[in-house]
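Take a look at these structures.
In what follows, chain A forms one complex with chain B and a second complex with chain C.
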Partner chain A sequence: MIPLQISPFQYIVNGVVFSSIIVLAAIGLSLVYSIADFANFAHGDLMTVGAFSGLFSVAIFRPMLGDVGLFGLPLWFFLALAFGMVAAAVIAVVTDRIIYQPMEDSGSIGLLITSIGVALVYRASIFLSFGSDSERYGVARQGPIPWIRESFGVAITPRNFVVVILATVLVTGLHLTLTRTTLGRKMRATADNADLARVSGIRTDEVIIAMWLIGGALAAAGGVFLGLEELVRPRMGFDILLIVFAAVILGGIGSVYGAMLGGLVIGMVHELVPLFNQWGIIPVGSRYAAAVAFVIMVAILLVKPSGIVGESG
Partner chain B sequence: MTERALDVSGVDSGYGEVQVLRDLNLHLNDDEIVCIIGPNGAGKSTVLKTVFGLLKPWTGSVDLSGKDITGEDPADLVRTGMGYVPQVDNVFSSLTIEENLRMGGVARSGGLDERIEELYDQFPIIDEKRTAKAKTLSGGQRQVLAFARALVMEPEVLLIDEPSAGLAPNIVQSVFEDVQKVNELGTAVLMVEQNAREGLAISDRGYVLDQGTVAYEGDADGLLDDPEVSRLYMGGADYEGVEDL
Partner chain C sequence: MSVATWVNDTLVRDPTERRIFATLAIITALLVVGVFAGVIGPRFLLFQVALVGMYALLSLGLNVQWGYAGLINFSVAAFWGLGAYSAALLTAPNSPLGMGLHPIFGFLAAIVVSALVAILIGIPTLRLREDYLAIASLGLAEVIRLIILNERQWTAGSSGISGIPSLLEWLPLTSAATTASIVVVLLALTYLFLRRIHRSPWGRVLRTIRSDEDLAKALGKDTYRFKMQAFVVGSVVMAIAGAFYAHLNLYIDPSDLVPLTTFYIWIAVILGGTGSNRGAVVGAAVVIAIREGSRFLNDIAFIGNLGLDVAPLRLLFVGILIILIMRYRQDGLLPPKDELIWPSAQKESSAASRGAAASDGGVVTDGTTSGGPSDGGENQ
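And now, the complex of A and B:
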């Protein structure tokens, strides 16, 4: 049998889609690190919480809206996405108030270990509520957009487009929030120097709530998109967490823009592994995609230990 | 007419179980620069942190213009008329100069743009670099930005922790001139300074802090001329004839 020859552009398209998901997750993880000052191991499971919250809401929105479509996807999917984002944002804030805030004095390591416990609670709650099976949102399968396939030989589905465009909109929205609004400047100021933010009169408690809302919502968007592209599984966020961490570390830990860049690099490398293998650059296939992404991360950190955009020293 | 801007009475304070300040009493009039000097570990910075609510006093009271503000949160004090310039890390280094000033004015109810323009006029050195990141500034420029950030709220009282710390000797004088300028613009200044002579030289009055309590107090000139204070807290060089040689 002749092996199917896949266009190199196809891998790039896959990389852009996967990167979009990683970037959304990495931003939240980086925000928490920079403002709340700990590595949140529950962030992957927060993605799962968002994905399942969206799934839960499908049962409500789908009968209401039927098959009305938007950009090639049913309208109820977009509402499920919004629902998942709101639910994860609220759960992130509530978790902070009842668990992380009272543990604040235990320091970064104490909070990190606490977040592992929170991750287990999130995951167990999902297992209890939804069972252990993989689920789907129920968006009808669509083939690639014909004219793109014919013109470029690349298979891009409408859902690929929606994921990338919405991720771009969300990341652009965050960028504008951070640079153009008082809230965004307060967030950057608090991330830069929380003590000085307090003595300048910034209500850092409010900034922390905003940070959890944004981080939780973006994580949920990443989770819903991952569920749309693959499956909605109780371990989906946990399984991707290390890759998200790799993106954050590669970009420069604590830097939101670094997380975006790191997410793009790690996501692309992850999906380009089969192509590298095809070209004989590396001797392993897609099963080792995560390992290759980590090796690339290590290689870049050897050259620039503070990450791509991290401050040195 | 001179009025009392700040009154600290019988304050004990410290970190955790460790007591640093003992029955501290000091005041600041609304037109003054007052300098707190003393040896390392005397508790000078702790005074400012306690006054500004970063540490809660164990006992005693702090009044701002006659209003009890003991233990109030810094974010509230900024809104009540007090500003604070920490010794280190006193600018948001990844933010631009303009953004630093905006962050200094988050609690303003209005007139922020006009106030920032005023500060640019008063401190032209930062006007030239509005869009530069604060981390690109020199030590002296950073200190000016730190003052300006704290002045956006037009505080009655500004607490400044060691403005000359870490600065090259040729910069120190200009930073002290800026402290005087802050005062001339209508803000009372309570300053902690390791550089005792230079600090007192621009001050109206001074307090010598030793082991968490006031050991000497008086007019700045009087403290500078006091041989005992000089010998114990300023190295005593002038009074051993070094300056005359």
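And now, the complex of A and C:
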């Protein structure tokens, strides 16, 4: 942190960046909730799997591509991102096929508890293959973009831009998929009423695979971005799972657009906690940012459990 | 009734159970032989007994919530921590509060604090679908851990609290034997109390709620109130276990408040048999065996030479165990059976079934999951 007086806009910039990450994670969680119908506690660790898969591929892509850059970041980083997304998507589908699918009969609660086991297996595998230390992607440190700093007094690094823009692209892509394509319509139909969808000839099995692919890829993108902004840690995903859940509940469980909105709000609040503290609105500082997200979640459950977008609890 | 018939009637009902109890008996015998042969230190064994007892208390608490009422509580570690910290802060002379009170106040504070926190988290979540409590309790655990870590002026943060007094030092036993006997008494009292309320009309309503909440509502039960009561009872038992642990370990820090502790207890309950108190106790013993056993793995030269870190292997094992139990043996080792029925009712109905067709006996062996209000013990 810069010891000087930090402009309030700086917190908003940080909030937008963090929100982008939370939105990506929340969408995947919400998709699983609406289509597979259970709270997936392994989603945070799926983000970690994506982040570490990306890290693994850096060792391959970096010597191949060298210093070729794109938007102020090395090209290999984008390939690592893509690799992480594909890896997490595949792992999500495989997990569904060998673990969740055969257990369909045990209901949403049985699947919920199983997902805890899956989360532990993911995390243990990462510990075993990468060790327990924090890692970095090795993208060179960058200062804030000078002209923005001079004209607006806020520090925005090129990687901040890349994270926000790519997250926007991914979310827009998902929106277009859901609204403009046959697959999207099938997904919405299945989420709305799986039995009805099946009766009208939709192969819900294919929809579920597509859902895990999309959810896994978006989770991995969130994980890689989090690793880029902070560190790549084996516990990174589980540590922000609470915040992601808060976003999903705020938006309304099972609503993808709610998850986007909830992610935006919770991510923003999370980063604005120090500012609110400075202004005397709340008595706690940034150490309690996760607790503030939790309090918002509990408040929503008390006032409007269906969330700000959802229709039914 | 002789001991043998009692064992036959209450403990050993079918071949699977007989095998499980036989295995446990053999392991216990081996441990005792180990002590006499001098391989296992008696202090060590007594400490493990106390640890198993504490885990059994936690499992019994979770069993009230998940096993009786179907409530998913992922903050077992937090309620345990509330109990441990209540005891440590009030009784240790060099804690930040520095009061050095009698341990009884620690236990009372543990009960009051955990009940209040349980009510606070129950109010927003218990009217909603089960998974809301799961999510909120995971968050609650994290918040409690954050508070204990950050509010150093009250909780001493990560440096922890030492100098917690032992319990009942005037007893003419070694301190290890004292704590082990205390936990056995505590466990027995809790077990009897929980079995009593599980068999009561209150317990039957909870079982109905677990299998079909709408049915319970249709029967005019205020399900929210019943779920809240079960949640509070379970949380208080967990806090008592925590307070006991503070006096067992004589030192407490926030490192055990991690979610993994909670998942150990979940394994104990679902492995033991959801809804079964006997199962919860057996499950707790198995979990301690896993925890302590994996610690010894490090000492085996062969594994030490591989350079593997045991902690992630244990994590992997715990994860796989959860998946396997949920997939292949959701009933657990000792699923609840006719222990839910009053002994006298059991006698009546077995007499009836001897007289009438054998199919009548089917009611008696009805398990928790299907056990609705038409359970065999209804006419009590």
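Throughout what follows, the second predicted complex is superposed on the first by the 304 of 313 C-alpha atoms of A that agree within 3 Å, B and C clash if a C-alpha of one lies under 4 Å from a C-alpha of the other, contacts with A are read in each partner's own complex, and residues count from 1 in each chain.
Rule of thumb we're sticking to: a contact is a pair of C-beta atoms (placed from the backbone, for glycine too) under 8 Å apart; a residue touches a chain by one contact, two chains touch by 3 or more.
In this text, all values refer to a predicted model and were calculated from it rather than measured experimentally.
J.: Of the two partner chains, chain B (first) and chain C (second), which one does A:Leu302 touch, if any: first, second, both, or neither?
T.: A:Leu302: touches chain C, not chain B.
J.: Is A:Arg188 touching anything from chain B or chain C once the two structures are fitted on A? First, second, both or neither.
T.: First partner only, chain B.
J.: Which partner, chain B or chain C, is in contact with more residues of chain A?
T.: Of the two chains, more chain A residues are contacted by C.
J.: Which of the two partners, first being chain B and second being chain C, lies in contact with A:Ile202: first, second, both, or neither?
T.: first
J.: Thinking of the overlay built on chain A, is A:Ala39 touched by chain B (first), by chain C (second), by both, or by neither?
T.: second
J.: For A:Ala291 in the superposed arrangement: first (chain B), second (chain C), both or neither?
T.: A:Ala291: touches chain C, not chain B.
J.: Once chain A of both complexes is superposed, is A:Gly110 in touch with chain B (first), chain C (second), both, or neither?
T.: A:Gly110 sits against chain C, while chain B stays out of touch.
J.: For chain B, which residues are in contact with chain A within the complex?
T.: Of all residues in chain B, those touching chain A are 52, 54, 74-75, 78-79, 84, 86, 89-95, 99, 102-104, 106-107, 149-150, 153.
J.: Under the stated contact criterion, what part of chain C meets chain A in this complex?
T.: Per the touch definition, chain C meets chain A at residues 70, 72, 121, 123-125, 127-132, 134-136, 138-140, 142-143, 146-147, 150, 259, 263, 266, 270, 309, 311-313, 315-316, 318-323, 326-327, 330.
J.: Would you mind writing out the residues of chain A in touch with chain C in their complex?
T.: 38-39, 41, 99, 102-103, 106, 108-110, 112-114, 116-125, 127-128, 132, 238, 241-242, 245-246, 249, 287-288, 290-291, 293-294, 297-298, 301-302, 305, 313
J.: Under the definition above, what is the set of chain A residues touching chain B in their complex?
T.: By the definition above, chain A touches chain B via 182, 185-186, 188-189, 192-193, 195-204.
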